[in-house]
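Letters A, B, C and D name the chains as they come in the text, with residue numbers starting at 1 for each one.
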Amino acid sequence: MPMPEWLRVRRGKDAGGRDAAQWSKCAECGEMLYRRDLAANLYVCSRCGHHFRIGAYDRISTIVDGDFTEIGGEVQVGDPLQWSDRKSYPVKLAGDREKSGLSEAVVCGFGQIGGFDVALGVMDFHFRGGTMGTVVGERVTMLLEEATRRHLPCVIFTASGGARMEEGMFALMQLAKTTAAVTRFMADGNALITVLTDPTTGGVSASFAFQADIILAEPKAMIGFAGRRVIEQTIRQKLPEGFQAAEFLLEHGHIDIVVERRLLKETLVRFLDYTAKGAAQRARAEAHA
Amino acid sequence: MNPFMDREKALLELERRIAELRTASADQPVDMSSEIGVLETKYQEILRDVYGAPTPWQKVHMARHPNRPTSLEYIAGLDRFDELHGDRHYEDDQAVVGGAALLRGRAIVAIGQQRGRDTKENLRRNFGMVAPEGYRKVRRLAHLATRLGLPIVTFVDTKGADPGISSEEHAQSEAIAQCLIAFTTATVPIVASIIGEGGSGGALALAIADRVIMLEHSTYSVASPEGCAAILWGDASKADEAASHLKLTAQDLRGFGIVDEIVPEPLGGANRDPSGVVTRVLEKIDAALERLETLPAQRLLAQRYEKYRRIGAWARETAPAGRF
Amino acid sequence: MPMPEWLRVRRGKDAGGRDAAQWSKCAECGEMLYRRDLAANLYVCSRCGHHFRIGAYDRISTIVDGDFTEIGGEVQVGDPLQWSDRKSYPVKLAGDREKSGLSEAVVCGFGQIGGFDVALGVMDFHFRGGTMGTVVGERVTMLLEEATRRHLPCVIFTASGGARMEEGMFALMQLAKTTAAVTRFMADGNALITVLTDPTTGGVSASFAFQADIILAEPKAMIGFAGRRVIEQTIRQKLPEGFQAAEFLLEHGHIDIVVERRLLKETLVRFLDYTAKGAAQRARAEAHA
Amino acid sequence: MNPFMDREKALLELERRIAELRTASADQPVDMSSEIGVLETKYQEILRDVYGAPTPWQKVHMARHPNRPTSLEYIAGLDRFDELHGDRHYEDDQAVVGGAALLRGRAIVAIGQQRGRDTKENLRRNFGMVAPEGYRKVRRLAHLATRLGLPIVTFVDTKGADPGISSEEHAQSEAIAQCLIAFTTATVPIVASIIGEGGSGGALALAIADRVIMLEHSTYSVASPEGCAAILWGDASKADEAASHLKLTAQDLRGFGIVDEIVPEPLGGANRDPSGVVTRVLEKIDAALERLETLPAQRLLAQRYEKYRRIGAWARETAPAGRF
């Protein structure tokens, strides 16, 4: 598909901060993939099907029909704890901004998917490991509040290492804030669909990721509350292969479907269709009241 | 056990011979139509003899017939189906299948109990006996349907809820009891179809509905005939006797007002024309939804309440008023 | 406590249909107990604490403060299936009526517990094994409907072998009917408390027993969906000791508390007190609206 | 590990000697008041020296002190408590204790995370780390409280949610996420008290509240100091450094507006006067409920929404209006 103008403007570099002319090695099968081909294949290994992590704007371009109107871009992070360890927090942020071309770990806005107007939030692991601080919390909340005003369904792609340490309790409180926004959004009869991508853990998995009406996940995405290392330290043994993979969660009944990336847009379109038809059906019935 | 087995074999043998003759007469100029006619007449005779007026116990076996269309065949007849999995807590119980779907352009949530169509699938599906995790999946989907404004369409086909150790450990009673609440309070139309065996509370958990459709030779009862015989007489082998006592046929239940509508089956049962039966059932569901979809939620709930409120209230209805 | 007049009138014989002058043998420890003493001890073995099954009117007399106004007594059973096996259904019913002194397997009505007005339903295993047919379903429904009208909490003691076979699908439909009544009762903000006594299984356990706000159980009461025999036949092995006992359910998180019979009334009074206070607290808050 | 250990031993030794002298002076006519006075002065000096201005890392250890009052001590201070058990599905998680209660005549639901007070209890209570079954018990009790009109009073004391295999298998994320929803939407007043350690989402699951009370030397943080150090620097032993970065003290959090109120502790920590501390906390809870109980449900929910909506919204608040 042709790269829309907004994406061309947004994307100086690809999600990993690398030039598109480079080669990438598949972490799963070791195949060397030309990044232009990889991008054309939605960042899925053409040999083994491994799903690479994908940048927020790349993701948006594979999902929305055309235009995408970003909101919350002006929300910029503070440094509430005046955090500084090896580097100061502002320096860390500046580095990630430079490397990823993103202003923060989530991009939120409005667009169409298969002709359906939606609110869309996309997290990006390349910015501070997709951790949720005040900006992520604020942008997601703004997205849900505006979606509530507009009576639109909301789709959120998660990718997160959890809450952001450098914002301390302000980060933890974003779980409460986004939960509040989710409850108002849902109480108003709107549908929330989340797509869990690799990895989705900690504060994000323990809030909006698992508060949705319908929960999709990408193949082999690592999804859980505690990180693998923490669990292994706790139980003092190695975890089995596939533990916390999307397929494991499906088998244990936690999520609705595992969807390959190439089928993701059409799957979302079908669910948006059910949602729209359901709302219309209800409205027709209530019209007889 | 199966009272049809011998004569079903005879029918299969006749079918095979008729087909052979047809093939032969197509290949060569000899006219074999009279021979074929004789066999076909005999075939129809046996068919009527066996299936013309099945006893309740024979119906139980028709309802359990391995080739009788299962929930997945009905689901395959929908315009579109996106399966949704799991109870969000522990497991995705394979004895129940559910998801969002389109039926004649209408968006619905479809949920069906699924027995296996062979031994391997039977093990995976636990013979269609749903565990607490499965009923919690059903309840979750009923809530989803309510949230999204999608009518609920269920296909009932189970001997009963799973009676295993882990089902008791995981609160089977609570799971069913809460399913009953979910269906009672769902603010969307519900249409249930009894497509095979409807056994006890495990079936009812998917069958509180604004309209209940039942196939001509399906059964629906307070307990399986085997279970009933064991409970009353301590002898499960008296199941045939229990079957005739239980009034478990579609005709009985239509008469009682517990089932709203009967969908006819071909002579010999749904397994003789699965796609035709599936189509007819889906048409009935569609027609029911068409009528129900003009009811605002509050009227729908009031009507559902009254429907169940009336069942077995005869004594009260004739009692003197103003008791309190 | 003195036997109230209504109980004296109601109770020709004791719950088991036996004369009170007889001796009873404790099924647990074998002790021979004089039935008058046993009754005075709330039908609990004075030696081992075994809780005997207790008749509905005896139960009511141990729970209500004084008066008890029965409702639904005029609801009499039909024979919808014209059932007849070894005996006809009406003959079976007549036998149980004679033996138990009860008109059906549940007694419903209104009274006070610790000064709190309540709707009270008490099932009795001595009538058709406490099975639920149309009369049980109708009486429980009437009780809940009237409690809804009066805005009263409802306490139901369950004791049931499940649905009554001889009423076929009419019996099964009582699960739906009572559930409907429970949902209206609860939607109106009233509290439902159930007390599960030995045994509580099948259709009763899979409906109002487990739809309550608070679920109590008597020690060692057998509670489950499937009966022990059915499970053993299914799994082809003996079940462990204590499986499906109240204590087993408590450990597995199914019920709130196991309460000895001698503490049952005061426990109920405490919960009715919380309930009454909660309702008053809510009303005070809403008065500021 | 515990930075107080040596000096706590010295304090205990002094306490023992003072007590001995007191006993001795009571038994015989010799006046030992000056010796006692000397020891007591020394004792108070060490106390101030050790605990006068504890560092964040020292506070972490005060919060974890084995004799610090736990949820059960606060619950014992209520007028009455009737424990309610279980998630209605699988288990009664002992790491969380909840039930109906009376506090100063008011009917409430009290819920607390419960660590063990000795090794045996720690095993049974899983060190206060709650599993999904426990969070589902909490959610159930929050729903019960809403149904019955009982304010919710919680006691937070956990390193964090249980990170074990079965907790992941049973959807720990979902359990916490749904707990957050239950507390956000509960139409009754909620007062949370951070009485020990408040670790991450596992603590927040009980701490979305209309009023958050925190003991002077409790801690409350986005992750345990050990966890934070492991996450940031791959080295849990740098926990003391993480502790000072995390701004996890009551004073910090009160300054941020994340905690509403601080309850003072005696010099040396709550473990030096458990019953006094319990009483003061319960008084604060009672006072908070007194103020909250005049709010109708809709105002209460709106106020709770705004409270959390504001946290971290600074950038937005200074952004130009009319963006959409």
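Everything that follows uses one rule, which is that a contact is a pair of C-beta atoms (placed from the backbone, for glycine too) under 8 Å apart; a residue touches a chain by one contact, two chains touch by 3 or more.
Quick caveat: nothing in here was measured; it's all calculated off a predicted structure.
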Labels of chains that are neighbours to chain A and to chain B: D
So, in whole Å, the Cα centroid of chain A is separated from that of chain D by 33
Where the CA atoms of chain A average out and where those of chain C average out, how many Å apart are those spots? 52
Flagged in chain A as touching 2+ other chains are 210, 252-254
The positions of chain D in contact with two or more other chains are 88-90, 169-171, 174
Looking only at which chains touch which, which shape fits best: line, ring, star, complete or other? other
Residue ranges of chain D touching chain A (in the complex, touch as defined): 161, 163-165, 167-174, 176-178, 180-181, 184-185, 200-201, 204-205, 208, 220-223, 227-228, 230-233, 241-242, 245-248, 253, 256, 258, 304-305, 308-309, 311-316, 319-320, 323-324
Per the contact definition, I'd like the list of chain B residues that touch chain D in the complex. 88-90, 132, 136, 169-171, 174-175
Touching chain C in the complex, chain D uses residues 80, 82-93, 100, 102, 106-107, 133, 137, 144, 147-151, 188, 293-300
For the complex, which residues does chain C have touching chain B? 71-72, 74-78, 80-81, 83, 85-86, 133-135, 137-138, 141-142, 146, 161-165, 167-177, 179-184, 187, 202-203, 205-211, 223-226, 229-231, 234-235, 239, 243-244, 249, 252-254
Listed in rising order, chain C residues that touch chain D in their complex are 186, 189, 191, 210, 213-214, 250-257, 267, 270-271, 273-275, 277-282, 284-286, 288-289
